[in-house]
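Each of the next two complexes has subunit A plus one more chain, namely subunit B in the first and subunit C in the second.
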Partner chain A sequence: MDRNQSHRNRKRMLKALHFAALFMTMSIICIPGLWIVLNSFRPTVEIMAKPPVWTPSFTLEHYRAMFGGAGEGGVPVFSYFRNSIIVSVVSTLIAILIGMSGGYAFARYRFKGKAGYFVGLMLFRAVPGVALSLPLFIVFARVGIIDTHLGLILAYVAMNVPFTIWLTDGFFRQIPKELHEAAEIDGCNRWQAFWRVEFPVARSGVASAAIFAFLTSWNEFALASQLTRSVGSKTMPVGLLDFTAEFTINWGGMCALAVLMIVPALILTFLVQKHLIAGLTFGGVKG
Partner chain B sequence: MTEVTLSNVVKRYGKHQAVHGIDLGIADGEFVVLVGPSGCGKSTTLRMIAGLEDISGGEISIGGRVVNDLPPRERNISMVFQNYALYPHMTVRENLGFSLSIAKKPVAEIESAVRQAAEILGLDELMERKPAELSGGQRQRVAMGRAIVRHPDVFLFDEPLSNLDAKLRTQMRVEIKKLHQKVGNTIIYVTHDQVEAMTLADRIVLMRDGHIVQVGTPLELFNKPVDTFVATFIGSPPMNLINGTVMGAEVIQLADGVSVPVPSSARGLVTDGQKVHFGFRADNLMPEGHSVQEEGEKASLDLSVTLTEPLGTETLLFTEIAGTEVQAKMLNPRPVRPGEKLTFQLMLDKCHVFDAASSNAIRS
Partner chain C sequence: MSRRRLPEWFVLLLPAFIVIAAVVLIPLIFSLYSSFTPYKLTRPSTLWKWVGTYNYEKILTDAKFWAAFGRTVLFLTIVLNLELLLGLGIALMVNKVTWGQRSLRTVLMFPMMFSPILVGFQFKFIFNDNIGLVNNVLQSMGFNAALPWLVDGKLAMFSIMFAEIWMSTSVFAILILAGLFAMPRDPLEAAKVDGCTAWQTFRHITLPFLMPFIYIAMTIRSLDVARAYDIVQIMTGGGPARRTELLWTLMSRTGYVDARMGLANAMGYVSILLSILFTVYFFKKLSAARAEIGMAG
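Right after this comes the complex of A and B.
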């Protein structure tokens, strides 16, 4: 009896500790985001106040200003948003098409230097993107695609393809090869076997690869800040810089734009969440 | 007519040769089982017939048509895989109808074919389920259903029962045999389990190291094995083999001085001093009073039992002859204690002699 009681107490305590640790971790992850959302709705005076104001007041002033004319601190939100969407969606689509083909090839075919290629792709990912920004800038400027959607799309495709290959390779590898063999015996050619059987089975994996690629492009700042100049091509992360002046930073406005950036990403993540989780715990699929 | 012919079929993986020029003719409607230990090339051979592996040399024809360079879909075969390979994203109905929908058959035709297959295999109640919601035996049946829906010329089975538990395996074995009786197609079946081979096959093809060792009906392989490999692979328990030397022309001297007469089937074919393996099955060594009453030449041996395995209708007795452990069978068994001495009858007519050097059978 006694032993059981103490055992139970111990268990209860461990559980409490567990929750406390979880709470701490989640706070560290979530509070900056919360801070951004809250501050986008607070007057600038309150944001800068020292000591902090604990009971926040609510204002849409930053949003009004942001969508307003240039003189009132407005920024071309719609252009930035459009640029971000175009660049992210197109680069994700291309990266998924190329990456999926690559991943499938690595998973299914034997060819010379396969391991070498694979390691090479991964090494390519180890190079920080910023380090490439100067050479990219020079090359793009020469070719004449600096400050265009195309330039940025190219850069993001190059960034995302290796990761997509790596991820989809893993998913295709887990599909037993008998599945496409069965499909071929059932009358498919290789192409049909892929689209009718293997792709649907790996769909969740491809979806998670796509969301990773999309978020990378959507949030990328370092390269975009070098390769874009004008309203016609600047993406939202670069647009955030519009709120910095020589001596001041418009925190409220910046937070408001950041919220606009976060919302689509959040919505997208929620939409494909089911696939994402299924994709990350893919082992459940068995012939 | 859908006979399958393999002539001098070779499979090479780089320098390694997996199948060494196989010749095999399979008649229309025949149930042929390829059996052998793992790595003997049986699955590779099947996959070459299916078109899933390239053929490095030789020729395979199905129904008189050479299929060497045809993709699987043009060979009109269907295959049941060891891991079933059901399409996990489709329901049972879609799985069954997949091949027909790929062939762009009219919906009504697909439906009736699927219904018919489902009826044969008792899948009617599972039609809307996904493979993940099925038990192993049900998945196996769906895989078979998927194979029969298309009315192929030839069925290929690649170890279809090895993922099932023992009881289900026996049950599915019967179903496969019934299926063959119902549809009557040519079946080529790969397994490593000699019991499956014995029970299912019209003809067994026993393979080892990429060669065919023996082809024949189950009873031919059981009663007239061409060498010691066949003798020990086919039949359970495996054939007992004891080293011996031929003395004169009539007697085989076993290791520790026990001698037995040369079985009639080998008489006149052995020479004085030849090293041989003397072989017999447990069924042919039985204790007196617990054996089948059969005419024929017999030898009596007094042996002490070291171990017993009661199986109900019979008991397997382990004993030693000339320092080699052998198994004997006791019919209408009574309890036997280890160490007990019994007089055994050895049915000499049913014994085998194999040449020790080549391990080939010596038989007229």
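Right after this comes the complex of A and C.
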């Protein structure tokens, strides 16, 4: 009886410990992000208040300033948003097309030095953005595509292609070869067999690769900060810097722009989160 | 030469090769060349002066460079290990939850969507010594000191590591969690019947099965370890007094602020080698782990 009791107590304690640890982890994950969102709705006086004010008041001041364009510094948020969308969407589409054909080649054909090509491609992804930005800046300046959408799109396509190849390769490998062989026997050529049979099956994998490519372009800073100069091509991560002056930072405004940056990524990720996990694991384990 | 002669796989891979050659390979070759010149942005003619390995000799004998290099390696070692351990812990905890697991997983993905530069700003705000959340909480709890989180060398390093770990632990957690979901039940039950302790089961059954997933996470992470640049650049800019200077911030300062491109590109090559080393190492581990559980394609 006594042993039963102590065993039960121990179990209950473990459960409480588990819950407490989980709760703390989740708080640490959530609070920084929520803090940003909360502060985007607080007046600057309150953010800067000393001693701190713990009962938040609500204001749209920062959003009004941001969208009105007339606020402190007048950050042209619409242009940044537009640039970000154009660059991310176009570069994602191109990277997916190129990466998909590459991934298909790796998954379906046998050729000499395949493993070598594969790792070689991935190594290009590992080149740090800062290290690449120095020479890329000079080369793009010579070609004359610095401070244009085109330059940034090119850079992001090159950045995203290797990872897209890795993910799509894993997905195409999972599709049995018999599928497209059957389609070819039925009179499709390889091209038709791909689009009508294999692509629909691998669609979720392609979608997850697309999300990763999009998020990478949407969030990239090291390259963008060097390859863009003016309102015409700056993306939002670079735009965040507009809120910093020499010694002061407009925290409220920055938080508002941060919220604007995070919302599209958030929506997109929630829509496809199941595919996202599947994409990473299948692409990797079975690839 | 007609296109038909080329094998199909080559045609399929050609666009990828072309894009990467144009945007990555050519600039890298150019920077390799310029790392052998005293190239300064302000004096373009210096590009044509060949100085051999002068830049490399200079950085290899530079104490500041070695300090940054050592700090970078230390930073990566600590951060990657902690991320792995915390990720494993979180995955095991979430796996045990019976109710609301889906929402927990969604929350886990939260930091993955944040831009590294945003993470940098966020923690710069939170660790701000005057108006930051951390100090405000500490003061409200009765501590009277305003801890100089980003001003003191050691605390700044801690803050940066915290930000980096916050951002990247979820990659590990989510992938390891996916591994736990994919785990077959039978060996676990057999172990229970045979009287294994919880630790033995974990050590000899769960962990070996999770290894490939851990290596995938490591490989994915090793591809962009340099993302830490964004965070450091924003939070401290390598300061105070170079106490948080990593290879990447030193490089960008040398290149853009001092305009000494040749020297910066030489450093760039050291950092590229470092990244490649990490990636190749984990790729090898990954294929070994795959072979072990018979998933090799």
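In the analysis below, the second predicted complex is superposed on the first by the 246 of 287 C-alpha atoms of A that agree within 3 Å, B and C clash if a C-alpha of one lies under 4 Å from a C-alpha of the other, contacts with A are read in each partner's own complex, and residues count from 1 in each chain.
Everything below uses one rule, namely that a residue touches a chain if its C-beta (ideal position, glycine included) is under 8 Å from a C-beta of that chain, and two chains touch if they have at least 3 such contacts.
Since we're looking at a predicted model, the values are computed, not measured.
K.L.:
Mind checking subunit B and subunit C on superposed subunit A, clash or fit?
P.N.:
fit
K.L.:
Under the superposition described above, what is the C-alpha centre angle at subunit A formed with subunit B and subunit C, rounded in steps of 10 degrees?
P.N.:
90
K.L.:
Between subunit B (first) and subunit C (second), which does A:Phe221 come into contact with in this model arrangement: first, second, both, or neither?
P.N.:
A:Phe221 contacts subunit C only, not subunit B.
K.L.:
Under the stated touch criterion, which partner chain does A:Asn189 make contact with: subunit B (first), subunit C (second), both, or neither?
P.N.:
first
K.L.:
Contacts for A:Leu179 in the overlay, against subunit B (first) and subunit C (second): which applies, first, second, both or neither?
P.N.:
first
K.L.:
Check the residue A:Tyr117 against both partner chains and state whether it touches subunit B (first), subunit C (second), both, or neither.
P.N.:
second
K.L.:
Let me test your reading of the model: by the given contact rule, A:Pro200 touches which partner, first (subunit B), second (subunit C), both or neither?
P.N.:
first
K.L.:
Which chain makes contact with more of the residues of subunit A, subunit B or else subunit C?
P.N.:
Answer, by number of touched residues of subunit A: C.
K.L.:
May I ask you to decide whether A:Val161 touches subunit B, subunit C, both, or neither, giving the answer as first, second, both or neither?
P.N.:
Only subunit C; A:Val161 stays clear of subunit B.
K.L.:
Look at A:Ala65 in the shared chain and tell me whether it touches subunit B only, subunit C only, both, or neither; answer first, second, both or neither.
P.N.:
neither
K.L.:
Shortest C-alpha to C-alpha distance from subunit B to subunit C once the two structures are superposed, in angstrom?
P.N.:
Taking the overlay as described at the top, subunit B lies 15 Å from subunit C at its nearest C-alpha.
K.L.:
So subunit A touches subunit B in one structure and subunit C in the other; where do those two contact lists coincide?
P.N.:
284-287
K.L.:
Please name which positions on subunit B make contact with subunit A in the complex.
P.N.:
Counting only subunit B, the residues touching subunit A are 50-52, 71-73, 77-79, 81-89, 98-99, 102-103, 131-132, 146, 150.
K.L.:
Touching subunit A in the complex: which residues of subunit C?
P.N.:
Its residues touching subunit A are 7-10, 12-13, 15-16, 19-20, 22-28, 30-31, 34, 90, 93-94, 96-97, 104-118, 121-126, 130-131, 133, 136, 139-140, 166, 170, 174-175, 177-179, 182, 212-213, 216, 219-220, 222-227, 229-230, 248, 251-252, 255-256, 261, 264-265, 268-269, 271-272, 275-276, 278-280, 283, 286, 290, 295, 297.
K.L.:
What residues of subunit A sit close enough to touch subunit B in their complex?
P.N.:
176, 178-179, 181-189, 192, 196-197, 200-201, 203, 284-287
K.L.:
Help me check something: in the complex, which residues belonging to subunit A touch subunit C?
P.N.:
Subunit A residues touching subunit C: 18, 21-22, 25-26, 28-33, 35-36, 39, 47-52, 54, 97-99, 101-102, 104-106, 108-109, 111, 117, 119, 121-136, 138-139, 154-155, 157-158, 161-163, 165, 173, 190, 215, 218-222, 226, 237, 240, 249, 251, 254-255, 258, 261-262, 265-266, 269-270, 273, 276-278, 280-281, 284-287.
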